[in-house]
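Next up: some structures, all given as structure tokens.
Two complexes, one shared chain (chain A), two partners (chain B, chain C).
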Partner chain A sequence: MSRPTAPVSRRSTKTEYIETDTGNKISRRAYIEGKQNIMLGGKTVIMAGVHLRGDLCRKPEPAAEGEKEKPNTTAISIGRSTVVSTNTTVRPPMRLHKGQMTFIPMRIGDNVFIGPNSHISSASISSHVYVGANCVLSPLCIVKESSKILPNTVVPPGMTVPAGTVVGGKPAKILGEVGDGWGQGGGGEGEEWVEGGDLRALVRSVK
Partner chain B sequence: MTTSFPSTHYACPCSDLTSAPPPPSSKRASIQPTSFQVNEEQAFNPHSPRADYTLYPLDHLLFCDECDEIRCPRCWTEEVLYWYCPHCLFEVPSSAVKGDGNRCSRSCYDCPSCTSPLAVTQISQRDEALLRPSDAAGGNETYVLQCHYCDWSTLEINVHFNKPTKITEQLVKQRKSRTSGSKENVSSEKAAITHDDAFANLTNFYEDQLNETVEPQNAYPGSPYSSPANLARIMNIYGGLSHNALKKTREKPQPMREARGHAEGQTSFSANDSDTGIIQRLQSFGWDATTTSEQCLSAPVNNDTRFTDDLWPSATRLRTRRAKRCKSCRHIIARQEPKVGSMRYKIRLLAMNYIPRLSIRPLNPTVTTTNPAFHLRPDMPEQEKLQPHQTKQYVLTIRNPLFETVKITLATPTTTPGKVASRVTILCPSFTVGPAGEVWDEALSASTQSASSDGGRKAAMASLTGSSESSDRQPEAGKIWEKTRNSTSVVVEIIPGSLRPPPSIVPKTEEELADAELKEDDDVLEVPVYVRAEWETEVKPGETVQGRKEVGGMAGEKVRKEVGYWVALGIGRIAG
Partner chain C sequence: MTSKAAALTTRQSSTAIPPVKPRCKIHSTAIIADKAQITGSHIVEIGENVIIHPHARIKAEHGNVFIGRGCQIAEKAVVGAGEPTGSSDAADMVIGEGVSIETSAVVEAQKVGDYTTLEVKSSVGRGAVVGKWCKVAPMCEVREQEVLEDYTVVFGDGQKGRRVDGVLRDRKEVRDAKLKGKAMEMEVLKGLIPDSQMKWTMG
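For the complex of A and B:
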């Protein structure tokens, strides 16, 4: 559906996306740091120019004597069929904890769409959320299920976007509610995917 | 009006603006649907100032299966399922809402300057000492409410807290002490009572008045019937005259007195309020220091606030989740699980599951079109403007959500209503659309058909190879373009009109000129299409057919059903 604008010659030698065993598609032009701290749920797309800052995580506590080294802490966990569009930065937020600034692991749910040129520092984004282009999700904001963030919105720090609401503006205000049919429908050609709906078809179309 | 194209908006037929156009000859048309044209006066005009209140995306519309009609916010009623705070997401019982108002009583406050949520922040002792060197309360931790968006904090109104909990109580206490203190300061003048106090006094006064004049609390204090309503009902059953009627005969109602004096909440204007002080402040701090009306309306405490420096944090307003009922038959058409944050529905009758869905796309797209909402790259091509007088062909697809084959009749005015008249022709306005199947059937048929009927891929191939395979086939009048199991596509020809009015020899009056002037969004080409769907359905055993008695309702019998509605198809903006 959406062909990359890169010249064809480049694509013929190498595909733009690396596909993992679980069907995640990660652009070769994405910037991923702290790979070991990032979890992708499968069938998730990370597009070109996306920065995933998995390196910003809570330092693991030193292993006690005789114990095994603790496994890596998760900095960013992204669910299934979620799409992170081009040039978006995903950066776990910080919080003062026991007198020290530590990073809070960020959780993003399933079927979340994040538009291009956005900056994501929220504590969590639940499933079936639509984030428009050029948005800023400030540190520690919480975006609940089936909500919609209009393009060019700045969600202020610590704000909660309740389930099923539409927010917009700088700073974001609750402007209304999504329809009762949010995420429903689609399924036909030209409208395989709808906002808040199942994004598997969109993920499949990304090549 | 929409900003991305193509778009489809559906109009609920409940408004006079969107009522059905009369078919040419009602009897014949219903037996054998033929194409019918609508003239411009009858057509729904998407440019009408009222149209925006009638057009909805399909996912916002519901359907009443008792009345067999589309339902929109105008023709459903809402009832509150629960109240909740959008910040802490706690449910607030309706008794608390009635008693304490529609604001969160936990520690949820919004910035009075920018509406962002305020956070309880501990301020360090050093800062505290610098800011307020004379403060003797050293050693204790100090907290403020702070906005992390615009940096406003309660320090600006000189409010700070001793503990991070029970913010509401602390805030109320500080407000009280401050307002009563100021009253003493200006007691030489007429003490102007604050808005809050005035409101409280007025409420008390009128409550007393109502109790005195309307109904005594309990006429029989010793009786087991505690509520007057209960008592009235008992009296109604056993006595001849109702409790109220008895009372009316006994005493003539006294006219209600109005409030007088400060104690009862009345405030009067006095010319010698300290206007000069306000003027001086305005002179020294300027316009930027004054509050906007939005800030004043953020909370009742800020209603009379003139300067931003005096704004008080506003408690977060509660929100509701509502169930929807059909206005005419009172059946519930949408109801969520009554739990904060749950998006699960107990009942949900979506219009998209009952009425055919329309979508439109260019026949020969110059750029591959995707759903405009799924903007994946920042360098997406700008949406192309439509050239006036250039014929363009579009594919209009009608998808059937029903399990029966549906007969569709489309009608559109030959020229679009509004200031810019574009010509529209639907090449095949009458056809059938196959039934929708189970999801599994659909998946199977999609996998077998994808190779042959994947128009998108064909178009993509054509644009890659440069061949004009897709343009080999010419759309023909009266023929459908494409058909899948539950969708049918037809071709629509559109000739965008010119934004400039046609030249005329007769000089125009000023009024005519002003009339012809284009306003915002007049360049948007939107095509109103009236869709009529007819189908036959079998009455299932045990199902009652309400409102359709004339058809009969025996199990196994066929019943004719019909829906009709206007759809506004957003095509694009016309180049000037």
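For the complex of A and C:
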């Protein structure tokens, strides 16, 4: 006599991640404010404890008489196959623009890896960027494509990290170049993901 | 009537520990986000035009916390004295006017002077006294019992990075410009963060 087996479907239990139609995986334990102002490109992972401050956006101007209400302004836009690791804060920067203080919409590219416990307040991060753990990207810094930010780095306000460089330190200094072949591969089935490469394998492995 | 009372009591007993509500004195123009946390049993006083972001924490477990007007406390910041280490000393905390406490900063200071900025992930140790117009750079630390004079900037790796910002000290117009910027910042934030200070002042 075998006992009736327990229901096998583990789907009935709550999963850690909620998957959207476009393949974004968002942890249930992420803290997301102002979700109407956040754009995720698809296949992007938002891990537990991540704070996304979408409520800090440019204030929409009140619609004039007879005009249609403007659609929501975007505060944070994140590209495809980007991974935002645990306990990271993403907060749009603020600056004086045409005599008014406004929040600048921030843009994060595709295949960007952001390490745990970081603070991201940059104006833009291009594609294929690797940001290590415990980094602080101060307001209005710009990170160009295929660059690497070492762990425990403080990128000062307004700094531009050139394409293909390695930066580190407090405050960040350019320490070298990533070199040829950095970020090659990683996109295929069964391949390991590489820093600066295609993060699809990593995104797939997140459950 | 009796069933209603019974329902009330069961609901109360279901919560494991009844939360101790701090004695809050919050100025009506302050903005406390709904998800901000104020804990402890000591007095928490919050001045005019203070903005407390969601998920910021004010801890009044081990002493009173006074926050001056025009301060800003960002998400994940922790303000308030921690567990007392040595002899039981009063762990009251006074934060001056216009202080910005950024994301993930941990503040256990005895006093923080006016218009000081404590940047992302910085920490100010227990019993420290921070002067006016100071700046603690990201991920920098002010040790326990340390005293920072006015206009000090704490920066770099390790403990050596201390200097006095002479420009800020000697030129009033620079300070005025900074104040103007801060005022504009607060004005924008006021329109963006919904206030729910009723949660703390009622009942």
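Everything below uses one rule, namely that the second predicted complex is superposed on the first by the 188 of 207 C-alpha atoms of A that agree within 3 Å, B and C clash if a C-alpha of one lies under 4 Å from a C-alpha of the other, contacts with A are read in each partner's own complex, and residues count from 1 in each chain.
By our rule, contacts are C-beta pairs under 8 Å (C-beta built on N, C-alpha and C of every residue); 3 or more make two chains touch, one makes a residue touch a chain.
Keep in mind it's a predicted model, so treat the numbers as computed, not measured.
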item: Which of chain B and chain C A:T165 touches, first, second, both or neither; value: first
item: Partner chain(s) touched by A:P116 [first = chain B, second = chain C, both, neither]; value: first
item: Touched partner set for A:M94, first chain B, second chain C, both or neither; value: second
item: Touched partner set for A:I104, first chain B, second chain C, both or neither; value: neither
item: Touched partner set for A:L202, first chain B, second chain C, both or neither; value: first
item: Partner chain in contact with A:V83 - chain B first, chain C second, else both or neither; value: first
item: Which of chain B and chain C A:S138 touches, first, second, both or neither; value: both
item: Dominant contact partner of chain A by residue count, chain C or chain B; value: B
item: Chain B versus chain C as contact partner of A:I38, first or second or both or neither; value: neither
item: Partner chain(s) touched by A:D55 [first = chain B, second = chain C, both, neither]; value: second
item: Contact residues of chain A, present in both the chain B and the chain C interface; value: 138, 154
item: Contact footprint of chain C on chain A as seen in their complex; value: 31, 33, 51, 53, 55-57, 59, 89, 91, 94, 96, 100-103, 119, 121, 134, 136, 138, 152, 154, 169-170
item: In the complex with chain A, residue positions of chain C that touch it; value: 35, 54-55, 74-76, 103-104, 119-121, 137-139, 155-157, 181, 184-185, 187-189, 191-193
item: For the chain A and chain B complex, residues of the former touching the latter; value: 1-3, 5, 47, 83, 85-87, 113, 115-117, 128, 130, 132-133, 138, 144-146, 151, 154, 156-160, 162-165, 171, 173-174, 178-185, 187-191, 193-195, 202, 206
item: Chain A contact footprint on chain B (complex, rising order); value: 56-62, 84, 86-89, 114-117, 119, 147-150, 319, 321, 324, 334, 341-343, 345, 348, 350-352, 357, 359, 361, 368-371, 373-379, 397, 399, 442, 454-456, 460, 487
